[in-house]
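What follows is a pair of complexes built around chain A, which joins chain B in one and chain C in the other.
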Partner chain A sequence: MSKKFLAVTLGILTAVGGFVDIGDLVESGVVGARYGMAMVWVTVLGVLGICVYADMSGRIVAVSGRPVFDLIRERLGPRMALVNLAGSFLITLLTVCAEIGGVAIVIELASGVDRLVWVLPIGVLIWLVVWRVGFERMETGFGLGGLAIGVFAVAVFFLHPDWSSLGAQVAGLAPPPDQALPTYAYHAVALFASAMTPYEVFFFSSGGVEEGWTVKDLSVQRANVLLGFPLGGLLAIAVMACSAIVLFPAGVDVSQVSQIVLPVTLALGTAGLVIVLIGIFAATFGAALETGLSSGYMLAQYFGWDWGKRRAPRKAARFHLTVGVGLLVAVLVVQTGLDPVGLTEISLIFSAVALPLTYLPVLIVANDREYLGKHANGHFSNIVGVGMLVVIAIAALVAIPLMIFTGAGQ
Partner chain B sequence: MIALRRTRLCAVTVVAVAALTVACGADPQAETVHAGREIRGQLELLRLVVTADRAEVPPVPSLSVTVRDAADELGAAGKDVGELTDDRARAALASITDRAVAVAHRLDEGLGDGTDEGLDAIDAELQGLVAELARWGVTS
Partner chain C sequence: MNPWTDLGRIDLGDALLDRQIIGEDGTVVGKVDDLELRAEGGTYVVDALLVGPEALADRLGGPIGRLLHHIGRGFRAQAPQRIPLNAIRRIEPTVVVTTAVAHATDSPSEDWLRRRVIGRIPGAGRASR
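Right, the complex of A and B next:
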């Protein structure tokens, strides 16, 4: 009993720490500085969406023993799956770039040495971890490390905010009067996409296969999703709150990660800074591993190659080669000096465009009783799932027009 | 008939939106405030660094990076200032930006051995620049 309790707790904590990546961090900081707490509802909506669809993906894996992408190809045919693959693969590669950029910035903040110096060593280190470290150890280690981001929540209290003002911002929902509605909508779409990034579903379901989930594990994985992700969402809200308390009143527009970290430094001094840098390092490095692996998972599952970290690299050579090449491409892109925050914003907007390609097939497969039997979607999952799909479709449709019209949220 | 009306309505809408866009874009005061806001935000950010509790927050590399980033952002804001149509506002904001960049660089160099007096003097300069921006309508 206590062993199972420990396993469930560890899974939840890993899910909490693994929830926040560079996208959540940057976009929560940006909207907190720009709109105060007015966009908390978007984070809540995004967390609801990822919970519903991660739960479906978990059931698909636990019942069928096969990853979601594999079933999408079988159920919807290779052509539809190819469209899904093309969109999701490119977005995931863009996300790898953003995560590597995030890791480089953290090391720059800790050392003062320019981030571009660190990009290649980071790429090599990620590849080594993918190659040498076991799946569960990797996921648990970086997931627990990511919990250090909880220092944002501690900082909120040490900043002694005007709670009634923060509450009014949360309840206000709308942008401040001096902010344009299209820009508000642009950032809402980006924040929503940060919670529902497509790689999360592919990594979650492929990870389920790596860990050998069965129907017996359904309750544990459901606890991970339904407790871990919302608690992770609270961390994202804490990042937003720190920006809302310190940067919003000062009229500072966030355009650098250093600005997002500043409120924690001001509230908790050097100790807080060290903890937050450890947390961001673990979160972005862990997400770089997940996105790097996800790019390999997608291709391998589409083409029917052997895949996974549970297999020796020489037995899944094409999978490991894909991951390695993906990392190399990402390193080269980041090494050009592209602004990581801008890169993150763009990856989020294009993620929003690709969201229906990821989530519609999941909804279809989760409703197929041939695959899932009695574990297929019930009424509640379908109502929430379809509702979220409508939101996803709207976000996908407006993402690019809003990006062009607002000059990427300027 | 209905199709013709729709076409006219669309054309009128497009012309109205275009006119509004041109009108907004040509408002010198709005342009000045917009460009000034970015500068003011970075000045306030530098003030946050300068006025931090110096016992709790020693001059760590992260603060230097924050200051350098602010200097870069001020440089980028300077490019927007160069496109202002109001000559007087352009000259004034360009001067403010140049001085703000200079302060940021001094602050970056001084963070390592920054005395309280030195940091207070820099804060006074930053406050002065914020006050100058306020004279051009940039108050938030």
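Right, the complex of A and C next:
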């Protein structure tokens, strides 16, 4: 019973700490303030995509005992896999920067002391958790902490919104008449990328290896995905709704994390603010851990090194060096004082460009009967998977042109 | 022991190259970065699996290959590590080799980092719990 319970928390962690990380938080807030609830469909699409692909990578791990990236080089050859590695690695480092920036801004909001003071201590703390804290303890702790973000959903009710108007915005699908279509498309791409951030797949499947999943765990893993990710998606929609209720009618353009938190304070007072800051701290810190570890997972799995938190660090020296150096680089980048919201948006747009690099190999390996046997993709997974891949390819192609054309969504 | 004795034609690129190699005791060795071939009576015979950045570098080619070659050189001057084909126990599809060979094929860069950097940090000997 308790082992099953623990296994399901991996799903909830990846849902809350991974689904709602700084990317979802910022982009859902920005989009809600700008377009009301008109972009709920993008989040729903993103949740569907991450569910299908996380299910595939979970199956790959449970059946073959090997994480997704481990198999990419075998299937695509060393050159193509190296291009893939380089792209995914850089995007993941960029995401580490965005998450650390998010943790720093939360501590600034809580303490009133400038965020740049906190960057180095945060980096050291992340490294200490990587070095010392066990995988299951880490995921349970930050997973449960991240659930505090649910206070956004509570706040929605306390704000007494006009439900029919919110519903009309959801059903509207299109941008409000006074908003330009390219900017709308730009934010749609960023929001979609926030739901499908590439590191989630690497972390999810490597986490399955850390926990030693087997075919027996397949049903638990399915439950993780099908409960965890939609739950994370609902939280992201709650963040969007808070912005849509308070900031959208006032015509506020979100440029700071404090603006995203404001509706919760309005609805629930200081208690709400405290809970939401705890939730965002847990979610962004957890995501910083996941992305930091993911950078090490990718490199180790391409080159065939020993890796993982289940090993003593001296048995996985190259893995730990990669994670440590990655964290150091991220700390230095954030320390330059880049704006956390801007950094997050940039990381999302470049994630969108890299999405096919991550998801195409998953689809290929999930169809490989040598590894998966009877657990290889069925028709349903393949139809939804290919459909999502078309959406992913379009998002990847238009991301950079839209960023240039709209001046990054201005 | 040749795990393919009973089989017909196989594609080496698909069946062997870039596969993960582990020891029978679970020791992680590396990837099959290249194969050593020997000409024999008009055909080629696979003699050994090659492991290490230099072997991979030669297959990648270009500036990236050269960079990888230099990194490999930084830790060791000799050629990549060889695993003779008769050390292979089974293919499942991970390549499983004998424990003795797995331990003998220790990566010089891993070894150097373990002794000089990671191993010196307190707590390096304990897995996180």
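Throughout what follows, the second predicted complex is superposed on the first by the 392 of 410 C-alpha atoms of A that agree within 3 Å, B and C clash if a C-alpha of one lies under 4 Å from a C-alpha of the other, contacts with A are read in each partner's own complex, and residues count from 1 in each chain.
Simple rule for what comes next: contacts are C-beta pairs under 8 Å (C-beta built on N, C-alpha and C of every residue); 3 or more make two chains touch, one makes a residue touch a chain.
Since the model is a prediction, treat every value here as computed from it, not as a measurement.
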item: Combined model on chain A where chain B meets chain C, clash or fit; value: fit
item: First (chain B), second (chain C), both or neither touched by A:306; value: second
item: First, second, both or neither for A:110, with chain B first and chain C second; value: first
item: Centroid geometry (CA): angle chain B/chain A/chain C, rounded to a multiple of 10 degrees; value: 140
item: Which superposed partner A:262 touches (first chain B, second chain C, both, neither); value: first
item: Superposition-derived comparison: chain B or chain C, residues of chain A touched; value: C
item: First, second, both or neither for A:270, with chain B first and chain C second; value: first
item: Contacts of A:253 with chain B and chain C, given as first, second, both or neither; value: first
item: Chain B versus chain C as contact partner of A:70, first or second or both or neither; value: second
item: Partner chain(s) touched by A:79 [first = chain B, second = chain C, both, neither]; value: second
item: Lowest C-alpha to C-alpha distance for chain C against chain B (Å); value: 36
item: Chain A-facing residues of chain C, complex; value: 13, 18-21, 28-31, 51, 53, 56, 59-60, 64, 93-94, 107, 109-110, 113-114, 117-119, 121, 123-129
item: Sites on chain A touched by chain B in the complex; value: 108-112, 178, 246-247, 250-253, 255-256, 258-259, 261-262, 265-266, 268-270, 273, 277
item: Contacting residues of chain B [partner chain A, same complex]; value: 37-38, 40-42, 44-45, 47-49, 52-53, 56-58, 60-66, 69, 73, 140
item: Of chain A, residues touching chain C in the complex; value: 66, 70, 73-74, 77-79, 81-82, 130-135, 137, 303-306, 309-315, 317-318, 320-321, 370-371
